[in-house]
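One structure is given here, and the rest of the page talks about it.
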């Protein structure tokens, strides 16, 4: 995601490994790093999840707040996804408002949730035209060792599935209205090879990446190509098959 | 506007097009005096201007790259380009589009020829129908060529999607709003490589394959129009003795 | 407006030409470049105009939006003029919020419209104290070859004269309430000579400029001196006569 | 406040002045310790402070000019200087005034003597009646002289306008609000040159000529007060052996 | 407050003087510079005071404005303190939004007023839940020769004691509800010595400062240590005694 | 939440602690991979992460100091760390806390060893109870040590206050909200020097002395936990052969 300067030796080594179908940390091309998801990490949030993907750590908190609805959807709740690339997470992150990488990260996670219709926003009205629930999904990146998109998307959907209803009178639903489990799988392309879950060293040398978000039935709800390289149509079809298979594995961590 | 009952009737879309048909397309290269290269594209009701400056000195200096030029891209919508006035300045959507547009264009530019330099691409949406990012990329590629910047290929871009269960080419705003799926795609037409891919909505694996193939078909047509615009521009330049 | 670095040779050439009463592009001192005004260029705007002044291109769009009135004028509409010096229009323009040049441009155009009372803002109330029409005049500079003020002011007034009433129930007026045609004429001073409609090369060497906005009866509704030079009182009187005469020519393009 | 029926009665304005009369004026040079030059001006109820720093090193460096100093100017209103609290920080009005004030002062400063340097002028409106930009320019000119910066001339500034059909000098806020026309003017008094001119409202050509002539008259008086303030400052400095 | 570069000679001189219990301007360690407070300097403010502390000049203006109350205190007025380190006051101050020094200054002054309960904010409601009075205290630093905190705090409380009630119907109080006189005293530590009211030269070499705000009965309502040095507990106790004694002197200027 | 009638009943606080008792404390060093040093601290319900980068090259360059490193500190609260969502980005409170935290840490760091360098300290509040600034400083000191930066001493910090007339150690949010006084203190434990002191509320001189003394007592305990965390971290590192 963030391109860091890598020594030519390391670059050549990783690219050459890829040619042999190998990876810098010994994984198979279709293998994720070790995954852990700790839900309800943060008390003041209605839902939260701390995701570790190898050394990458992302904390996602979800809060419900009362807001005015949009004029064109007066009785529908609102989904707001925000991502902060905290300067404590990487020497390349700087304090300040979200840059294009943070914005892309938030928007890719947002589309996965929104387009899968995982949350039934229609049920999150309060007083039509006056007040609805806003679902604030805050992605807090704590340690950046690559593949922030998958870690963040997994954290967001896990946090949403851990939601406690707010303790207020005008909340009428038995539970938070969530029904689907979209999962983002990011595939990097290095030296013509596709590999899932790129670590930072791999991101720094990859030509391009594509993130494919699928739901339980294997259908695609969102995609995003990133990086300055290209894909052939055949590569994209292969990437889809990879994404669909790996999403099933990751989905187990949502709980 | 209310959602129409059906968006495709008897195999025809609301504006009379077939599912695999582009909207009327017009491309003109070299429309601005100050810019090093420029292009104006109309696709349906989209009116989009692209300009290129560079290679030029990179400011601020600490962003200079010792072994390559840096491509920068800014996508912007005029306040009056949409129904509800857009506040001037970048928002999250335009920041993301600027990023993916840059990544869509960068593969074709020989940046390594201009170490330390900047090449700036500006995309201005004067009037927006659906497909402004892809139309903007189409315009920007022509503007890059008009600026005389060495390129491996052009980039042609178009959105495909799913409307009433049908895979269609080049969505209108109504189709974007009421349809199921929107997938913007940019392609290097000669090399058959995809440089931009985004998608939101719903596709099965098979639908994705069909849509991708339709995007290639649409981009071929756009590519022909781009080349034609550059030929016309070149002949004008030659007449003018430039 | 924007001072660019010009080679000494070119500078000396233009200054010397001025001494002879001549200009770099062969025009007479009181001659505008070729003018074209294309109204209704943009559909989503209630009014719009694309103005070309030689190579200078400015697109102005006008939109009506409902806003809260100012407390001291509860039933009066609101005029808001904004100008963007787009980085595609000149190598010297940079992305970012309007700088002092963009702000001055917007404010000079604003004053010409406002002080001439061209728009009857009193008629643009909706519900007194609650809702009024705001007239957003957005000046979008596309190609900067000098004299942005005159091009923008002409574009703004032409766009206002092309206004289609909005298609809503609570719009009761037969048409947009506009009644005057203020026209800004900018006069540059180079080597003691006054000349209208400076092109960019001339702006880069001029000592100062003055913009005089006049209405149909020849009276002045706004003036603005710019640049780091000075004018004598006699020069300003001559500038007024020039402005008044040229405004009559330009006014024909408003339609 | 309601609009008064008439703003001029029997040839006298609401505050008793004749049409061609200035408000009470007080100028003091050298009122701040840290600034290189400073001045405080009261004109009617205006209370305005100006300070000058420089010539000093220009930051950021890329704004340095190899053959000249750069004059910068910042006009600012204190939040409590007006009836309704003004939010701190620049707004569009103050950005424009800062620009025209700089252009009004720059013609008199020998910038070419200090290549690469910056000269910073700060105008602070502590209490505002009408005419803050012109009064601020008047103060800034004195502060520049107090800073010892070589100048071709001073700059004196005042607003003129039209009220109840009469051309008047030095408008009050009521006259500015309810009158027809406001025209701020700055002048190099010795050279009789106009360095600032703005106007909004309504003037015939003839009224413009009259107003300009009245502005010159007012500026003459202001110029005398500026010189007097600098003489007083100089004698204090001499006593202090500076 | 702002650390400026000081020549080593001057630094050594001031530090050596401190060892001898002396100061650069000849004052005793517990002696303030000459103080003057001019109240009602600014007419459009309900209250104001121009404070001079030697060459340091700070102008404070207080304005009352109608605002919405905070949801958790619907009938209580609001205190807002803002400080501007104007670039005309020092070569080290730059234009722009308040930096950490300006923010600290405003917040230290704010806490002195707020925590002493000098203003009875409860009395500044208008319509509960809808409208209350906001007390805007604007600190305008005009000339910075050190010890801005004490000058600003004194200016703020003097301005508040000079308040004229606003001339509006719904103001029911006989006068502005202020009842206490908190006074901030800042003590600098140089070469193990404590001294009040540091001038700029002293601030530039001091190790640390502590500001102690006390009310009439000698109790503390706010404290703030600043600077990168340390204090012993004994030094802080001595600082408190100094602050209590000097506050009595300064309080006389509030009027 | 309503204000409770009493915050101390029979010498016990609402959470059962004695007035001079800390909340449960847990410190772990070396919790982040990318940072040069890091620490995670839980104190009661506070969850706070600190990271250190540096010594590293200072950007922007004009902030480099020729004879010393520059310590920078940024205190930040996660949007979900408090009951009502906090808007991302610095506010006035966090800017002030960043400043006083830096001033609390700077006395222990041998900055003079790294001329021109920057040392950056980031404090992230993931879950906030009262005492986030002091807990953040406690974490930051451990992170600095974990980064291997030479230090004169550690810094341990805690808040003391007055609740129901009693001087208490380590306030909870309820005690902070409904109590009389809050006084955050940071200490160099070996040298017995105070590096941070803030206070708001009400103290007599005598109460201030008592509170300061109690703060020292609390910081001693925190210091022991800090050292323990660093010992554990060191033994892990040794095992890993780092």
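Note that the chains are named A, B, C, D, E and F in the order they appear, and that numbering of residues resets to 1 at the start of each chain.
Here is the rule we use: a contact is a pair of C-beta atoms (placed from the backbone, for glycine too) under 8 Å apart; a residue touches a chain by one contact, two chains touch by 3 or more.
As the structure is a prediction and not an experimental result, all values here were calculated from the model.
Chain centres here are C-alpha means, and the one lying farthest from subunit C is F. With centres computed as the average of Cα coordinates, no chain lies farther from subunit A than D. Subunit E and subunit F have CA centres that are 27 Å apart.
Per-chain CA centroids place subunit C at a distance of 48 Å from subunit E.
Taking the mean of the C-alpha atoms as each chain's centre, subunit A and subunit F sit 32 Å apart. Contact of a single residue of subunit A with at least two other chains is seen at positions 98. By the touch criterion stated above, subunit E contacts subunit D in their complex at residues 41-45, 48, 55, 57, 59, 61-63, 65, 82, 84, 86-91, 95, 97-98, 136, 138, 140, 142-145.
Contacts from subunit F toward subunit E in the complex involve residues 92-93, 95-96, 98-100, 102-103, 106-107, 183, 188, 191-205, 208-209, 212-213, 216. Note for the complex: subunit A touches subunit B at residues 98, 100-101, 103-104, 106-107, 111, 114-115, 208, 210, 218-233, 236-237, 240-241, 244. Against subunit C, in their complex, subunit B makes its touches with residues 32-35, 38, 45, 47, 49-51, 53, 56, 74, 76, 78-85, 88-90, 120, 122, 124, 126-128.
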